[in-house]
Amino acid sequence: MKEIRFHGRGGQGAVTAATLLAIAAFKDGRFSQAFPKFGVERRGAPVEAFTRISDRFIRRKNAVYEPDILVVLDSTLFDLVNVTDGLAKGGQVIINTEKKPEEFNIGGAEVSTVDATSLAFEILGLDIVNTSILGAFAAFTGEVRKESLCEAVRENFPQNLAEKNVELVERTYDKLIEGER
Amino acid sequence: MAILGLPEEEYFSYGHRACAGCGAAIALRLITKAAGRNSILVEPTGCMEVISTPYPETAWKLPWVHGAFENPASIASGICAALKVKGREDVNVVAFGGDGSTYDIGFGHLSGAFERGHNFAYICYDNEAYMNTGIQRSGSTPYGAATTTSPAGKKSIGKEVWKKDLVHVLAYHGSPYVATASIGYPTDAYKKIKKAIETKGPTFVNILATCPTGWRTPTEKSVEIAKLAVETGVFPLYEIVDGRHSINMPKDASRLKPVEDYLKAQGRFRHLFKPERNDKAIKYIEERVKENLHRLTQCAEKCF
Amino acid sequence: MIDFEKIKLKVNDKEVTIGAVLESKGSTEKTKTGAWRSKRPVIDYEKCVGCGICWSLCPEGAIKKRPDGKFEINLDYCKGCGICANECPKKSITMIIEEK
Amino acid sequence: MTKKIMEASHAIAEAVKMAKPAVIAAYPITPQTHIVEKLSEFVADGETEAEYIRVESEFGAISACLGASATGVRSYTATCSQGLALMNEVLFIVSGMRLPVCMTVVNRALSAPINIWNDQQDSISARDVGWIQMYAETSQECYDLTLMQFKISEDHRVLTPSMVCLDGFTLSHVYEPVDIPSQKKVDEFLPDYVPYHAILDPEQPLTLGPIGFPSEYMELRKSQVDAIENSIKVIEQVYKEFNESFPVQIKDSRPEEYLHVEEYRMEGADIVLIAMGSVCGTIKVVVDKLREKGEKVGLLKLITYRPFPRETIKKALKGIKKVAVLEKAVSPGGDGPMYCEISSIFYDEKEKPGLRNFIIGLGGRDVTFDRIRKIYSMTKGDKGEKQEWVF
Amino acid sequence: MTKKIMEASHAIAEAVKMAKPAVIAAYPITPQTHIVEKLSEFVADGETEAEYIRVESEFGAISACLGASATGVRSYTATCSQGLALMNEVLFIVSGMRLPVCMTVVNRALSAPINIWNDQQDSISARDVGWIQMYAETSQECYDLTLMQFKISEDHRVLTPSMVCLDGFTLSHVYEPVDIPSQKKVDEFLPDYVPYHAILDPEQPLTLGPIGFPSEYMELRKSQVDAIENSIKVIEQVYKEFNESFPVQIKDSRPEEYLHVEEYRMEGADIVLIAMGSVCGTIKVVVDKLREKGEKVGLLKLITYRPFPRETIKKALKGIKKVAVLEKAVSPGGDGPMYCEISSIFYDEKEKPGLRNFIIGLGGRDVTFDRIRKIYSMTKGDKGEKQEWVF
Amino acid sequence: MAILGLPEEEYFSYGHRACAGCGAAIALRLITKAAGRNSILVEPTGCMEVISTPYPETAWKLPWVHGAFENPASIASGICAALKVKGREDVNVVAFGGDGSTYDIGFGHLSGAFERGHNFAYICYDNEAYMNTGIQRSGSTPYGAATTTSPAGKKSIGKEVWKKDLVHVLAYHGSPYVATASIGYPTDAYKKIKKAIETKGPTFVNILATCPTGWRTPTEKSVEIAKLAVETGVFPLYEIVDGRHSINMPKDASRLKPVEDYLKAQGRFRHLFKPERNDKAIKYIEERVKENLHRLTQCAEKCF
Amino acid sequence: MIDFEKIKLKVNDKEVTIGAVLESKGSTEKTKTGAWRSKRPVIDYEKCVGCGICWSLCPEGAIKKRPDGKFEINLDYCKGCGICANECPKKSITMIIEEK
Amino acid sequence: MKEIRFHGRGGQGAVTAATLLAIAAFKDGRFSQAFPKFGVERRGAPVEAFTRISDRFIRRKNAVYEPDILVVLDSTLFDLVNVTDGLAKGGQVIINTEKKPEEFNIGGAEVSTVDATSLAFEILGLDIVNTSILGAFAAFTGEVRKESLCEAVRENFPQNLAEKNVELVERTYDKLIEGER
């Protein structure tokens, strides 16, 4: 089982990202679970969301303490909260940033970065990065298929936003797979 | 020290957890300034309670109590009685709650406290829905607004009935002072709240407070929209002192901005314009706004 | 007067107060909500006339009067809503994107 | 000190008056009305300084008491049945805030069907709300426990609200002899309420009723539960102090000594009936009669029900062969509430009595001598089911 | 039949929609909101014929359901915590009137201090109100039990309202796979509600909710208590019928067969943990791990809590050496509610397990693997007090 | 068959257990006649509920339901919704309760039901106190009346605040029809109740109903006193239809009987006259009655 | 339709209905509340003009129209309040003390 | 212990009578208890009230089923309720009536009658018989002293009514004791 923790800010869509990931994994024929960190956080405040992916039905309902993969939607969060808290040994970290992975020093973890903000601006004209970073997640971890992600986005976004976001997932994914960056 | 007529001292501290651009937080600053140091505050459950007291922190610098969602007016009644017996009737008792508490679940108790005639001021920060629980409709939600329990849909235009006229309802409880205010006009609001607090008996101010999260408006527009509500006549400003109305806004409907400006500025009314324009609903709103203003003006001129 | 030392209890490994009572000291100031911000207001003091409108409308109370009569923003708490910039009659406040 | 014959309701009103609460907030409901009407008279005639808030509902009553108590004064209310059920939400809140509000519950059955007569479903179903509960058998006990409840609730080690419960009509409307001590003695026993942890006062601004996160909520709950658990000792102390300050004036109108339980003719008993409230008086008469016939039977009357005096009960029942728990309440789909609690006390014991559960007196069904005798003989003869309703 | 991944809240909303209630009356409260918001969407989009009454309070919600149910239609509400407490008075009334109102309780802690997170104090403290209660572990169980509750409550032998309880956030806000059967199959399983004893209709004027005198009240109560006691058999039948109509589609997302309890790896167990709700999923994982290490441990998950399935539990625990009762609720000043009830089951037994009580997860305190392991080892090693709080 | 404009058929049977001379029982006869066979009745706890349904007997001949003391309006909401879904919207839903339920404990729920706009009529039989529990003050008890919780005493003149103006309060809820009536004028009352039932939307009639036990009046005077309340102006009769007032009683104050006649006739006001006359209180009542009438007349003429 | 035979239950030695439901048949008429009366109305049919006012105001509904258009009192239920006598415009009703 | 049952009509004062009797007995130095039959009866309806008198504190709180003495404030009640229900063997019955005891046939019981109504009219000018019948009770049973009754009346009636009622008690008592009737 893989446990994934998303870090974002209230309103940024971290919870949606976690959910979409779970849906996509389910479409892949796997089992998954997604839930937010249950808080009273308002727009702007740091939030967390979780996805678990496994090959069996996931029974546990406790919190995620030792995530295998971290997804950070907003790199300023590093100054705010202990993002890497509990990160499993040999864990992976995916960060939305212009910076290079080398610029982050996260003891032992494998860091990947993606400039999701630029991609989102380019395609959506908006700073909403949650679908882009899911594309990156697929590319970096291989835990979910791009196609399933796209399907999940298509089914769960309002019509007017769905296609753009599908494009964003694909663009991000393709770009990273092709190692263009 | 006063700035724009408002005391400089703050009794509601920063670090509170309200959303950026929260109009209710502005209202709280005004309420506490009007109340001043010699006050006891009572608040029901709601956004402003949740964002202000994350144990072990508190944003308050005044005595403050929260019991439940329904009972701020009843708790205030108990405080008033206790102060009376203690001979401390100089202390202001100020209760304030969101419209959910005030218009709906707590209204029976508010009505009771007004009937009994306790000496306290009740301020409703009216953000026109249950925000704390995620934007559900309240008795104060305006006609046509979409909320999560009155969503727009194939068979629904959002809230299907008109906003409850709580200000008149409480005026008819025999209150010596009731008023409307808006965070768009902080000095006016401050004065009204102060007047409410200073008037003996149960008094009421309903202050319109934009919720950018719930109204789906840009955070920077919170004050602008609260002004627009007044400028379009959707939310008229007035006082009723001992049963006599006085309106403090243009009474001449022709000088008002179009109601549409107000509706269009907010995501919660978007479905009235998109995918297609709902002329019937918009017209109904416009007309009813006009009619209300007309009645109000009549009252102010002729009646009480 | 309530003596706060007396009403503290140690339960498990946490210290709590009887009935969850707190001193109303505005202790939320411990939490620097400025960190939530994604845009930041910057005042152009050339234009600012010190009217105080921004001060009166900030939901955070994060604007303070300076000795020179003009106003300044406490970025520890400003959440970057942009109301001050929007309402400033002199257009002296600009919202700029926070560095990431 | 005056010996008077008076209604239990009035004895309570007297006790409340003499306890000098600052604020009374109550809503009328049969059969509590005689208490609040009497208090209204006292207020109208200036016999008490208390402010009486004529609230619009019981929800308002308990909330007003919350507000008053938070302002640092003694506050009181009375209710029952539908009214107590309507207060339910705020009962939890008052105890969680640790406000020493005091209440009288004039036990009455719950709707539906609506019924104004006595059983104890109302307060028993409020056994989780975190309030202390004591049950009175006689008017004298009503008076005494009412005085004591203020002292107990306000004790700084306790700070927990309390209910004194008495059976509606069956006790509340009965005139019987009561000894009322002098105001001076009462004042000595019960000094003014001095707030310890909570007071709304501009002199020292406090925040009461904040939001408790998962990181602290459980500890806060534990501290509350500890307080009510520990109150068992404080209650004992207060009983003791009361016994010393106010010795019995009218024999049999109350226990010689207040303790969590009253043991009635339990010496050498094989069979013990357990009950609470006014029915204990009737049971005592039956016990006497059975004893006359040589039956080895006694009564264990519970006075303190919350906190549940587990150790005291366990000790009292040591060596008893058979115990019948008589309850005026049920938990539909579950065993009798008191029955469950008593069985839990003995769970780990090797030696324990046979335990039976009898549901009695619901909705005003009179508990006659015959019915008590029947319970005794069923218990003795091991007849019937584990739980029996005695109609 | 569709397998979908969805929030438990939405699974419930789906089940409610497919059960086709005529009237929904609900008031928002965290964490129940997602259910009622989803239902609002269904109504707004015409996906259900139901009338949704946007009441002014939970007291209004349950009262409107009472009115609707009395008019002979299926009615539904959802709430929790403060909302459930506010309904308290009417909960007793609805069951006393024998109206088969169905409710979802999204378990949340009670104030004060106010806390929106999960424990089960709210519904546990409503254990006397005369409603059937069932607890769900997974989203699938939420869906399934919601369908079943209508069938159970409306059964003419039962006519008793019911609550399906699920843990707030910990389950309600979790997306996980759920199998949703076709409307056709649902309709076959759950026919329309046909009033049996009560309907407001000018065609046959009836009087509902009269005053019950002491001469009949107790019999009326008994008939109600009998109905909920007897429902144990009806519930078994409905479980059975459900098992047959809806075989498991997603392995492990629900018991292979619905029964009052789910026995998890209890074969040859020496030690059994008892719990309800979502925590059972976490416990199962720990049990698996302990079993791997050779520990003889199992889990007894309660699904039906009211009526309390005494016989089933007794049978399930036969021969078990030690039992740990894990509860997300307390009764301040008394023993754990479930602990008491289980101890009462075994009171008369010679052979009975050692019994321990652990208070867990109040106010959203996460129940981690470590905490469960700790409970296991304390139970095994007989460490600690009879009741332990696991912080 | 009609007599005096009232249908002859009775839906509220004799054998009920009301006190002799009960005014509320007269009101119930009128309400049920106005409702007719095709109706569902809802009643809260109170005298009329207790006296009408002593299981296994019932005085009702129509579908009737009682839940609790607080919730007749909510139960009615549920019934309305159920009827809608059943396609039986032709059935009248009529809730009626005493003033305790209506003005106080049930008012929050009544307000909610009016805000939502259900199609039902709510009739308050207003006997101006909680009678079932032994004459305690309610929000409707008139100023100066002695009740068991507002007794007259050395420090008390009885109820210390004015009667809540629930009729206007509900009018301001946007109700299309509200009215006052009195058992002293049965045909008028019947017509108003019928109009309330026939008007679509939430409607309200407040019918004054003497309680000889609580008002301490001779049983035979119940109707006479209910008339006197109107004739003295203490309890004016009027309707508000879609916000427009119309008064059906002498508007000319000089043609009214003296308020004192009304007060003197009742034991609950005796302390205002004995042992000595309380001029201040009597005068206050007289003046306020006059003022209320004046306002009402103004409204009827000029405003809404 | 509810079949009342079906919903009756025998508990202890009493028959009760599920949920205490009753048929709205005005069954209080089983109880002759006329027995509460201490005075009795007597109509003088010489004076009575059959206006029906007494009928409209009786709290018991104990007055019935006769075939001749005049009204008569059902003494089984009349509680003797005297309202009819007090309100009769023709003063045709007298209250007389019941025989003991 | 003596158990006494009062029969009257709502509003007639049977409950007050029972209470006054208990108070008087207490003044005599005995123990007593009084309570009404707890009902929802309205004015005019038949009501019952009870007094117990004993030489020890009375513990029982159950209803009275086998009264030793019946006091009937209104003889029309005989037609309405089973007044003599449960009357103990050798019990006593006191009836307010113009009739003679012989006119009542109550198997085995000792019947006494008093025309309390006339006496009440004479002295109070009102048909309120509860104090008069207490005087009769004292006279016929000797269970309570007249003086104590008078004291009880004096202390518990409003000033303006107290003296007249005391007079009524005494008049009734004296008249019956003197065997005048």
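As written, the chains take the letters A, B, C, D, E, F, G and H, and residue 1 is the first residue of each chain.
Definition applied: a residue touches a chain if its C-beta (ideal position, glycine included) is under 8 Å from a C-beta of that chain, and two chains touch if they have at least 3 such contacts.
Everything numeric here is computed off the predicted structure, so don't read it as measured data.
Student: Over the chains that touch one another, what is the least number of steps taking chain A to chain F?
Tutor: Shortest path length, in steps: 2.
Student: Where the contacts of chain D and chain G overlap, which chains show up?
Tutor: Where chain D and chain G share a partner, that partner set is E, F, H.
Student: Quick one: point me to the chain whose Cα centre is farthest from that of chain A.
Tutor: Here the answer is chain H, farthest from chain A.
Student: Between what two chains do the most C-beta pairs come into contact?
Tutor: D-E
Student: How many Å are there between the centre of chain B and the centre of chain E, using C-alpha atoms for each centre?
Tutor: 39
Student: Can you give the whole-Å distance between the Cα centres of chain B and chain C?
Tutor: 23
Student: Any idea how many Å lie between the Cα centroids of chain C and chain D?
Tutor: 50
Student: Between chain B and chain D, what's the gap in Å when you average each chain's C-alpha atoms?
Tutor: Chain B and chain D have C-alpha centres separated by 43 Å.
Student: Give me the residue numbers in chain F that touch at least two other chains, ranges are fine.
Tutor: 17-20, 49-50, 53-56, 58, 60-64, 66-68, 70, 104-105, 107-109, 111-112, 115-116, 139, 212, in rising order.
Student: Please output the residue numbers of chain A that touch at least 2 other chains, ranges allowed.
Tutor: Those would be 10, 40, 43-45.
Student: Give the residues of chain D touching no fewer than two other chains, as numbers and ranges.
Tutor: Chain D, residues with two or more chain partners: 54, 56-57, 82, 86, 89, 93, 96-97, 111-114, 117, 205-213, 216, 218-220, 222, 364, 366, 389, 391.
Student: Could you please specify the touching residues of chain H with respect to chain F in the complex?
Tutor: Against chain F, chain H makes touches at 10, 40-45.
Student: Under the touch definition given earlier, write down the residues of chain G that touch chain F in their complex.
Tutor: Contact set of chain G toward chain F: 17, 20, 22-33, 36-37, 51-53, 55-62, 65, 74, 76-77, 79-83, 85-87, 95.
Student: Show me the residue ranges of chain D that touch chain B in the complex, using the header's touch definition.
Tutor: My answer: residues 22-23, 25, 49-51, 53-57, 59-61, 63-73, 75, 89-90, 93, 97, 200-202, 205-213, 216.
Student: Residues of chain H touching chain G in their complex?
Tutor: Checking each residue of chain H against chain G gives 9-10, 43-46, 74-76, 79-80, 97-98.
Student: Tell me, which parts of chain D touch chain G in their complex?
Tutor: The touching residues are 112-113, 389, 391.
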